[in-house]
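Some structures to go through are shown next.
In the two assemblies presented below, chain A is common to both, partnered first by chain B and then by chain C.
Coming up: the complex of A and B.
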């Protein structure tokens, strides 16, 4: 291999151009799809308000029995609840738990699904059998019922505990999808070439196979996050998690259990957590479009 | 040519099991490939040439026989021997659109193996090495190609990148499986010329798989050729001899199938008695008895060819030209030493 081609001596001051990292194109790719941009703005705003909002609003709201179920007004933009507390402040304060738990649960379930799904598909044999069997078992567990049982045994007041529970119960669908994708991708000739170059299982999976399903994974992560958010809100709505503090699920629960739905002045109160959840979910779904543009080199191209 | 073979297949077989039964894709194939030489494997589709190539590359574990690389049994359980074999033997696939990872740049594709095996210390060195490799496969100037993604390259360019990738670890043997069949003719010739140059410049041995005898004749002119039919090697020897004086009826038929620009020559070739009795290739699931070629063979001997399985035998003691066809071997022997044939009888 020492006999290298001598053409480099012809043009001695060759400018070795380094590969341009695609960071410059990231913003362009992200803003190419209009619906994707809307999604980013929506999620960005909600996350910003939810994370920073609590800094500017009081931690505990005073109960005021003289101003129960007030319609929207200048002092209470979205009205008040059954204890006379301001709804807008609750909406602002109530996003953080939902977003954090949804994100953490989705990360956990996606990680489990990717790691075990890809290993099962790539290695096959006993690993595949064990993982597939475990997946089928977890898939048959009724989520809400199990959470109901768990909530009677444990105090589910910790966000991370909730996130772990939701995450641990929601990986099977994604795992099956990941496994199917890897089963197909591992037969590609470039994977075979990588095997011949002795790149090692970890590297082949992480460098050759998984990046090819990046947009698929991201999309499923987003779906996982929306599902986790629904699961969390459902837990609060059904009263399976302690109703401490403020979040959109607790707001729905209180509106339901304390009779706000029978009060026509409380339309905005009831709708505000619903709309907040819907906007967040919509934003997440729209965001996937931009992320797809970003992760597909064919679309990223100038 | 007397050196120890780099790669040798010793009566390897590969039987695939399907729902419809066992498929003997490759049976009892023995091939030797010395360092720096070229061996062409020709045959029609279904002849087992790709399976043989995959066995040679270590992609398939043969169900019978032994694969030796530099004298060591690669499936014998010796892990270091296998890794050495794995890195020394590289494969260039047929389809340049499927063999490159679509989301990796040319640089990433080439740098990955070099960095993984610590052949380069850092990114700059990898860049330098990758440039050299691209120059070697005639992709110049390399800077124009290193940052490209596969979809930004043409088929010929992709195939060159695939060859460059195969060269990253300094292989001793490159297996080219119909590597040029999907390219335009003009590009095909320049790619073949480039591969030939690699063989002479770097001393890389080639196992060249093709269905096109003309390509084999060009690329393997100084090497050997093995003609496969339904999983068996039917004729094996130096390319010049096999192409120049084909002995096996199947090889003759293959050569006769190459169209000639001159219609008169075409007609003469047709009438040379190499027309097949049947145009259908038998199914691997229901192979004919005896010589698997006998239902199509224009010169078969009833009672012999449909009964006994022919073995590869040398035409004469000091020739490396082997044929698996007893009638042809008898003819040759008769022609060479008429006196001996009477003693031998018809064995």
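Coming up: the complex of A and C.
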């Protein structure tokens, strides 16, 4: 690794500096600190289990009224729910929707933020004013409240629809950050060089400016995913999204509304989705903070 | 410029420079433009809810008319008349007129009537519920902001020390757990498993039979009921205040004027409060507004867990009852609260940080 870095600086001692493989830089940045590594492993494990786990578990669980709200045992490691279904299998099967919808929503909001944020900062003028004004307005719309109102108008039973709604509502903070970042990168020498070469706005933004913000974008993507999962599970918990299928939010809703909280044998049942969601969120936050420390060297704790 | 201003100026020629100077000063003032933006935002959200409720396919007015026709055997006109009274609009009028009527009603504080509780105006229901949310969220934010700032500064001053590491871990943990999950855990563990308090008795904004009045008894009862929501809000927001304040303080500590203050031999406490603290806390004020908006908007989840009768609880009820006028009113009020919080924070920020005022814009 050191050898490649050495040669690349030897080859191009000029100001025109382009990052090599931003994806590898991001992974290295994530695992740079101990808490970042913990977050990376945590999220990686949860994602792996949630995506691959359902392949090895039955799709539909038999309901068994004779084994309702059982405490953890050898046959049911985390006990059973109100219809006698195994909780562990539900936890394994329940992550996929949450992760996929959170991921899709974050992708959408990140895309909106990057495209409009960088264009606003780079072009300035009217474009900038319009985008900034729109951002300020969407930023003040209370997300959960609007989703709750929408849930009464429409059946939010489609994962893609849920992801789009959450994504469309959550780009403003990221857009502000992208805009500020591009404003400062725009003044760099290598961008000026590209402008002199007349490479075109799209090319300058996508080749010269955005790759230099890779860690920054990934960081904000993870913030977006954290918020999307918060909103999604919240909707399911309130019962505002239709309770069909398995996911952690639906488990939470059922445990809460069907009296599992008053049954001391069911502590593990209600805690399972709570802990699963919290661990996923913790992992995302740890990764975010690790990148934040990298981007803001004064925060480093080396 | 001069062409458009010709008419009013001609009449009041002698006062022209003074008036114009005042006008242009007002236009250029940060506060004026900020207030204008807030009003515009509220107007746009009001317009958005109008079209959301009335225009989209399957809109609640049509649904309501159809339900009335099917269930009560009314004719379309009768049903439309009922809907007209409830939603304070007339489907027969042109859309523009409906829209203007709606805006006119809003200006007079008329949000229509509730469907869930017939004969009650949305406004009067809101007045009964909104204060409790503002009260609990307000107190919680003040507590967590002040505590978070103190702890964050302590972390920055004792960087890499034990306090810093312990608080960092706690801060990250609290920051990452969704607030409603923490609320569930409080109910399950402290309330039911350990039986430290009676969760069902703590429901509501105050105990039944207690009359709202200015007395110590009433206040303690209110605090008893608001205790759990406030605890949840404080615990779930304090983590981010600590972490943000820490990074802001660390950045401020590197500034030249802090070094100069040290070189001048000022006492440490004075440097910490007058130089570091004052400057480090500035960027947090605008985040306070965003946090306020987030917490008020998310109160639907917390208030549902604790059955605390604030506006979030009301919104949940309205959504379940399909009480659209009430929903529309709540959504509007929550948005106005968020916009106001943002406005106050921005104006305060402008007061506190002269660079904003002089710069006039965002640069």
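Keep in mind that, in the parts below, the second predicted complex is superposed on the first by the 244 of 302 C-alpha atoms of A that agree within 3 Å, B and C clash if a C-alpha of one lies under 4 Å from a C-alpha of the other, contacts with A are read in each partner's own complex, and residues count from 1 in each chain.
Here is the rule we go by: a residue touches a chain if its C-beta (ideal position, glycine included) is under 8 Å from a C-beta of that chain, and two chains touch if they have at least 3 such contacts.
Nothing here was measured: the structure is a model prediction, and the numbers come from that model.
Student: Just checking: does A:207 make contact with chain B only, chain C only, both, or neither of them? Give me first, second, both or neither.
Tutor: Once the two structures are laid over each other on A, A:207 reaches chain B alone.
Student: In the superposed arrangement, which partner chain does A:284 touch: chain B (first), chain C (second), both, or neither?
Tutor: second
Student: Touch test for A:238: chain B only (first), chain C only (second), both, or neither?
Tutor: second
Student: As a test of reading the superposition: which chain, chain B or chain C, is in touch with more residues of chain A?
Tutor: Touched residues of chain A are more numerous for C.
Student: Counting contacts the way the document defines them, which residues of chain A are shared by the two interfaces, the one with chain B and the one with chain C?
Tutor: Of chain A, residues 296, 298, 301 contact chain B in one complex and chain C in the other.
Student: Please name which positions on chain A make contact with chain B in the complex.
Tutor: 1, 3-5, 7-8, 15-20, 188-190, 192-200, 203, 207-208, 211-212, 214, 296-298, 301
Student: Considering only the defined contacts, which chain C positions touch chain A in the complex?
Tutor: Interface residues on the chain C side: 37, 40-41, 44-45, 52, 56, 58-60, 159-160, 164, 172-173, 175-178, 180-181, 184-185, 187-188, 192-193, 243, 246-247, 250-251, 254, 290, 293-294, 296-298, 300-301, 304, 315-316, 319, 322, 324, 327-328, 330-331, 334-335, 338-339, 342, 362.
Student: Flag every residue of chain A that touches chain C in the complex, lowest number first.
Tutor: Contacts found on chain A: 35, 132-133, 136-137, 139-146, 148-149, 151-154, 173, 226, 229-230, 233-234, 237-238, 240, 252, 256, 261-262, 264, 267, 270-271, 274, 277-278, 281-282, 284-286, 289, 292, 296, 298-299, 301.
Student: So in the complex, which bits of chain B are touching chain A?
Tutor: It is residues 57-59, 83, 86-87, 89-91, 93, 95, 98-105, 107, 112-113, 116-117, 123-124, 127-128, 131-132, 135-136, 140, 143, 146-147, 149, 151-152, 162, 165-166, 168-170, 201-202 of chain B that touch chain A.
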